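Let me give you the structure first, and then I'll get to my questions.
Chain lettering (A, B, C and D) follows the sequence in which the chains are written, and residue indices restart at 1 in each chain.
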Amino acid sequence: MMLTKRSQIIDETNQGQYALNIYELTPEKINENAPIVYIQANVHGAELQGNMAILKLLNLLEDKKINSKITLIPNANPYATSVKMGTYTYGRFNPITGDNWNRMYLDFFSQSQGQGLISDDEIKECKSKQDYKILIKNKVNEYRRYHQEYGINENKNLFITLQELASDADIVLDLHTAGVGCRYVYGPDYLKEQMKELNFPFNLVIPPEFGGAMDEATFYPWVKFHEIHKSENTFESYTLELGSEEIIDSKAGKADAINIFNYLVKKGVIEDKEIECPKNEATFCLLKDYKSFFAPKSGFVEYHKSPGEFFKKGEKIMSLYHFDKMERPEEVITPILAPVDGIVINHAPSSNVKRGMNILEAFTNFTS
Amino acid sequence: MMLTKRSQIIDETNQGQYALNIYELTPEKINENAPIVYIQANVHGAELQGNMAILKLLNLLEDKKINSKITLIPNANPYATSVKMGTYTYGRFNPITGDNWNRMYLDFFSQSQGQGLISDDEIKECKSKQDYKILIKNKVNEYRRYHQEYGINENKNLFITLQELASDADIVLDLHTAGVGCRYVYGPDYLKEQMKELNFPFNLVIPPEFGGAMDEATFYPWVKFHEIHKSENTFESYTLELGSEEIIDSKAGKADAINIFNYLVKKGVIEDKEIECPKNEATFCLLKDYKSFFAPKSGFVEYHKSPGEFFKKGEKIMSLYHFDKMERPEEVITPILAPVDGIVINHAPSSNVKRGMNILEAFTNFTS
Amino acid sequence: MMLTKRSQIIDETNQGQYALNIYELTPEKINENAPIVYIQANVHGAELQGNMAILKLLNLLEDKKINSKITLIPNANPYATSVKMGTYTYGRFNPITGDNWNRMYLDFFSQSQGQGLISDDEIKECKSKQDYKILIKNKVNEYRRYHQEYGINENKNLFITLQELASDADIVLDLHTAGVGCRYVYGPDYLKEQMKELNFPFNLVIPPEFGGAMDEATFYPWVKFHEIHKSENTFESYTLELGSEEIIDSKAGKADAINIFNYLVKKGVIEDKEIECPKNEATFCLLKDYKSFFAPKSGFVEYHKSPGEFFKKGEKIMSLYHFDKMERPEEVITPILAPVDGIVINHAPSSNVKRGMNILEAFTNFTS
Amino acid sequence: MMLTKRSQIIDETNQGQYALNIYELTPEKINENAPIVYIQANVHGAELQGNMAILKLLNLLEDKKINSKITLIPNANPYATSVKMGTYTYGRFNPITGDNWNRMYLDFFSQSQGQGLISDDEIKECKSKQDYKILIKNKVNEYRRYHQEYGINENKNLFITLQELASDADIVLDLHTAGVGCRYVYGPDYLKEQMKELNFPFNLVIPPEFGGAMDEATFYPWVKFHEIHKSENTFESYTLELGSEEIIDSKAGKADAINIFNYLVKKGVIEDKEIECPKNEATFCLLKDYKSFFAPKSGFVEYHKSPGEFFKKGEKIMSLYHFDKMERPEEVITPILAPVDGIVINHAPSSNVKRGMNILEAFTNFTS
C-alpha cells in the first residue's frame, strides 16, 4: 500500500490561496472486484470532525492490505474553513453569494447539450461501469470547458473538481456534522439494508433523487445508469454526520474511523478482520418524517433534550424564554411541545434565536 | 383617493422587531376594468432606490384621480435592511441561512396536496380572474396553516405575506437595483411589447417559468391559469432595476416615478395625461444571452465600461491587477476581453474580487 | 416590595428598533444604610446566561423583604443580541465599527472641560456620596448635551445610558460569560476580601484603574472620590462570568442566582437568611498572571483541559492538528505545553483557529 | 537602481496563507544624506487605491536615479483584503476580534521593561539617528521574543513586522482611503509646512502623540528622540487618503503617484526634476476641528455635498429619509443642517444608516 499526496490551488481570494490536498492510498495489487473508495470531509467550513475521522482511518490502515484505491480529502473546502466571523466559522455558505456549499454540485441531467449534459443515449452506449465512470469525468470537463469563456462561477469550480475526483469511485462517503448533533447517516432508499453496515444509530432514508448534495450528486448518475441498463445499482454513497460542528475530538474520531474501517472490511476494500467495537441498534426514518422545528417567536431557547434522546408526544422539548417579559411571569416562557413521538437528532448551537430559525430536527415515525 | 397605512410585525430577532408598512391608495370610485396595482421595494436589503421611487410616485399622485387600488410597500424586507456588516448592508441573503431573499417565494405548483398546492382542477373551477385571486390568497393561508405545527421557516413567513398582499393585483412591480448598474427591467416573454411602456432603456426577456423571484412568483400562476382557460394572459409583472445599490437619489427617483406614473396612465390606472420626460430607445436581450463574467483569478478589477455602455468583440472591458507581481510587469495586469459585442448592464461594487466572483453582467445578442 | 418596568428605545437600525427594559425593585421601606444595587446582563450579545440569573434572582426575591432599590437590566444591549451571523451571535463588537461593546463606557476623567469631565475640585465639593452620585449623573448628561450638535456615536449612546442608570448604585454586578468557561469573577484589588462573598471558585484581581469595562467604569469614579476625600472605598463592582456563551441553562441559572442572593443578604440588601448551597474554595489570580495563549499556527485545536481544570508545567494542554500534513505523521500535531502550572479558565468555542487567535486563558501564580 | 522582492507568510487561517510582499528599490550609489523611504498601502482591506499609486510610482521611477532606499509594500494586510462579506470587503477591523487594523501598532513607550519598552536612558545612549533606528528594530524583536512563550496575538504580528520594516526609514507614507472621500493627508503639527509638498488639497494637522496608527507609530519615537536630544525633528510620516474605498482607478493612481514622485524629488530621494501637474491650494484643519456627524436617527441618507465641497452654516448637507412615515409627509425627511461653515471631506458609502453611525466628516475652522 502506498500513500501519495497531490495539492492543487482550488480557490483564491485577493492575496490568499487555498489548496486542496488529495491523498491516495494505492494497493500493491489491485483487485478489480473491490470497490474504489472516495472519502471527503469538511465541505461545510465548521464541520471539522470528519478530518479527524480521516486521520484516524489512515492510522488504522497502516500495515493493512487494501484491494482497491482509497482517496481521502480532508479540508475539502479550504476557503470555507478560512472564513471566521467572531470566534466561529462562517462556513455553511459562501459569504459573498449565500450559496450553501453542499448544494453546489452539478446535476448532469439538467445541463444543456454540450455543456455537461449526460443524455440517455450516452448512458446506453456505455458498455461497462468503467465506461460510464470515464463519461462522468469527461462531462465534468465538458462543463468546465464550456464555461471557460466567461469564467467559472466561484461556487462551481470546487464542486465539479470534487465530483471529478470522485468520478471513478464505487463508494463515496461525505463527512459532515450537525450544529449540535448525534451520529447519523443519510442514504438513498435503495441502500437501506447496506446502511446498517456503517453501524450508525440513526439512519435517514432519502429518495434516490438529485438534490445538490454530494451523496445525491454521486449516486444519482448511477440511479440513471442502472435504470437504463436495467441492472442492480450497487453504487453506495452516504453523508455521515459525525456529531457537532466547531469541535475536533480524537477519541470520538477513532470510534468514527473504526466504523468506517469495518464497513470497508465488509465491502472487501480492506483485507483484514473487523475491529471490535460497540454495535448500535439502527433506527430508520424517512426524509418526509424528518421534521424541523422553526422558532415560533424570537427568544432564548433552552433545549431539554440532547441529540439522540427520545421524546413522547406532548412532552416539553424546548422552552423559549423572553427576558423582556419578566413583569408577567406567565409570558416569560413559551414551551414547545412535541406534536408526536420522536427522537432529537440535532439542534441549533445557539440559544439566541430569530423567529423562524431552524432550532431542532427530529425523527418521527421512526422504525428499527 | 385615500391613503391608508397598516403595519404588521413581520420579523423578530431577539430584542428587535421589524414591521412591514403597507400603504394603500383607494380610488373614490372603483373602475372594475382598471387593473389593481401592487408595488414593492427593497426586498434585497441594500437596494434602496425603489423606496425613493415609491415616495416620488406618491407625490406625483397627489390630487390625481385613480381608477383602482394601488398598494405600495417600501422597505419590504425590514430585517434585511437592518443587517449591516461594516458600513455596508449585508442584505442580499439571510445571514443565518444564506438564502437569497428574492428566491424565497412560494411555487404553488410544486407543493403537496393540502400544503398550498394549486391543482389544475382547482384552476378549472375558477370561473373568473376574481375567483382565482381568492384561490391564490387561500392557498397562501393553506400553506401557512399546514406549517403551523412545526413553525414557519424564517425565510418563508415574509415572502408568503408579500405574495398574499399581491394576490389581488393585475400589475406587480418589484423594485430592485444592481450592484453598480443602469436602469433595466426583467419581464416575461409574453409581455415583450408591453415592457416598452415602462420606458426603460434595457429590457431583459425571461421565460414564463417559476424561478423563485417575485415577478415569476406572481406571473406564473397566471400563465397556468390562462393556459388552462385558453385565454390571453394580461397579467403584468416586472422586476425594475433602478441603478446602483446602497444609494438613494431623489432626482433619479423622480425620473423613475415618472416612468411608473406614465405606465399607469397607459394602463388606465391613473386618470390623467402622461408627464413629459425623455423617451428611451428600448434594447432587448433574452435571458440566455445575458452573460455573467466570473473573475478568472482573484485580483483588483478596474472596470473600463460603465453600465449602459456598448463594447465591441475583442475590446478590453476590464483589467485585473495583481499588485503582488510588480517585479514582472507583464504579469501585473490580466486584461479581460469581450468574447462578443455587448452592453454592460451592471458590475460588482468592489474592485477586490475573489476568483470566480460575478464581476460584470452584459447583454449580448441584443436587439431593439 | 414593588416591581416596575420602564422601556426605552436605545438603538435603531433602518426599520428595526431595540428597547432597553429597566426593572426596578423598590422596598416598601428604604433603609438608607443598605446599598443600592444595579445588575445588568448580556452587554455582549452572545453572553446569555446572565439573563437567566436575573430571572432566577427575581423568582428568589418573591415575597422577600428588601432594604434598598435593586435595578435589573436583562438584555442590556439589545442590538448586539439581534446580530446573527450564521447560527451564532456576532455580538462581541459592533459589526459596523468593530468596537468591543464592553470597552465603550465613558471615562469621566479623560474628557474635556464641559464635555463630561469630572474635575478634582468638583469631587472635593461633593459633601456626601449622594452628592457625588448626582454629579456623575449630571456629567453623563453634560456629555450627552455636548455631543448633541453633531450627534452621538452609536457606541456611546447605549453605554452612557447604562452608566447613568447605574449612577446611584453602591453595588454593580455586570453579568458576562466566556466563550467556553467556568464561573469566575473580576474585581478590583481593594475588594479582594469582599469578592469571596460571591462564592465564585475563581477570582481575578484587577488594578483599580479605568479600562473601558462596566466594572471599571463604575468603580473608578469612586476610587477617585475616596482618594480625594481620604475615606474608605466601599463601592463594589464586579464582572461575573457565568460559564459559556450562546447557552441558557435554568438549573445553572438558579445556582448563579443563589450566589447573588446570598451576597445581597450579606450586604444587608435582602432581609432574609442565606439559601443553602455548596461553598466554593476561592482561588485568586492577579490580572498580570492571567495568561492568554495565542495559536502559534493556524490549525484545528483539541482542548485537553476543561475550564476549571488544573494543569502542571510541561503538561500538554492543547493539540493543534494540521490535516494537510497527513503524509508526514510527525507534523500532523503541534502540541501546546504549559509553560508553568495553572488552571484553565476558558477557551475558544471553536477548534478552527487562525494563527494568533486567543485560544485559551489560564490562571498562573494563583493563590487561595 | 535595482528592484528586489521578498515574500514572507504573515498570516494564516486554517487552510489559507497570506504573504507580505516587500519590494525594495536600491540606488546604485547611496547618498547618506538622502532620506530612506517606506511606503505601504491597503492596511485596511477595502482601501485599494494605494496599491495603484505604488504601481504607478514604480513605473515613474523606471530609469530614474535614486539616492536612497525606497521600500514599497502593496497589499500590506493581505488577510484583511481577503475577507469579503457579500460583494464588499470587510477589512476595516479583524472579523474575529473587532480590532481596527490601523490601531494595532506598538507604542514602545507604554510597554513594560524587557517587553519592548524604549526608556529615556536608552534614547540618550543613542549617539546618532542610525543608532536609534537599530534600537527601534531591536525593540520590536524584544517584544516578539517576550511574547513567544504564549504566542503572539494575531493583531500584533503583522503590525510589528510593518514597524520593523519601517524602522530604518526617514519618511513613511501610509496610503489609505476614506469610505467616499476626496484626497487629504494627516500629518503631525511639526510638519505643517512640509505637508504642502505633497500637493494635497486638504491637510489634517494632528497632535504629535501616539494614537495607534502607522503615522503616529513611526513619528512618535522620533518626537521622543528629538525631545531628549533637543534636536530638530526631521522625520516625516503621513497618512495619505486617496479617495474612496473598494475602487482602483489607474488614471487617478497616476496623479497620486506624480504627487509622491514630486515630493520625493523635493526631499532629494529622486535625482530628477518634478513632473508637471496641477497644483492644489492647501487647506488646513486641526484634528479638534475635524468633525464627525453621527446619524441622529436611523434612516436613508441622501448626501447633498460631495467630498471636497464647501458648505455654509445652516445649509442642508444631508437629508435623512424615513420611508415608513409616508403618511405624514412632514416626517418623511429629517434635514441635517451645518452647525458651522465647513468642507465635506468624506461620507459613508451607504445611504442605509443605523442611529449613531458616522455618516460624514468635515473640516471646520479651516485655514489656507
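Just so we're on the same page, a residue touches a chain if its C-beta (ideal position, glycine included) is under 8 Å from a C-beta of that chain, and two chains touch if they have at least 3 such contacts.
The model shown is predicted, which means the values in this text are computed figures rather than measured ones.
In summary, the chains found to touch both chain A and chain B are C, D.
Across the assembly, the mean Cα position most removed from that of chain B is the one of C. Put simply, chain B has to spin 180° for its C-alpha atoms to lie on chain D, with the angle rounded to a multiple of 5. Averaged C-alpha coordinates put the centre of chain A at 40 Å from the centre of chain C. Computed from the mean C-alpha positions, the centre of chain B lies at a distance of 46 Å from the centre of chain C. The distance from the centre of chain C to the centre of chain D, with each centre set as the mean of the Cα atoms, comes to 35 Å.
Taken residue by residue, chain A touches two or more other chains at 13-16, 19, 75, 81, 84-87, 92, 96, 300, 324, 352, 354, 357, whereas all remaining positions touch fewer.
Per the touch definition, chain D reaches chain A in the complex via residues 13-19, 75, 78-79, 81-87, 95-96.
Across the interface of their complex, chain B is touched by residues 11-16, 92-94, 96-100, 147, 149-157, 291-300, 324, 339, 352-358 of chain A. Considering their complex, residues 3-5, 19, 21, 23, 45-46, 48, 51-52, 54-55, 58, 72, 74-75, 81, 84-90, 92, 179, 246-250, 300-302, 319, 321, 323-324, 326-327, 332, 348-352, 354, 357 of chain D touch chain B.
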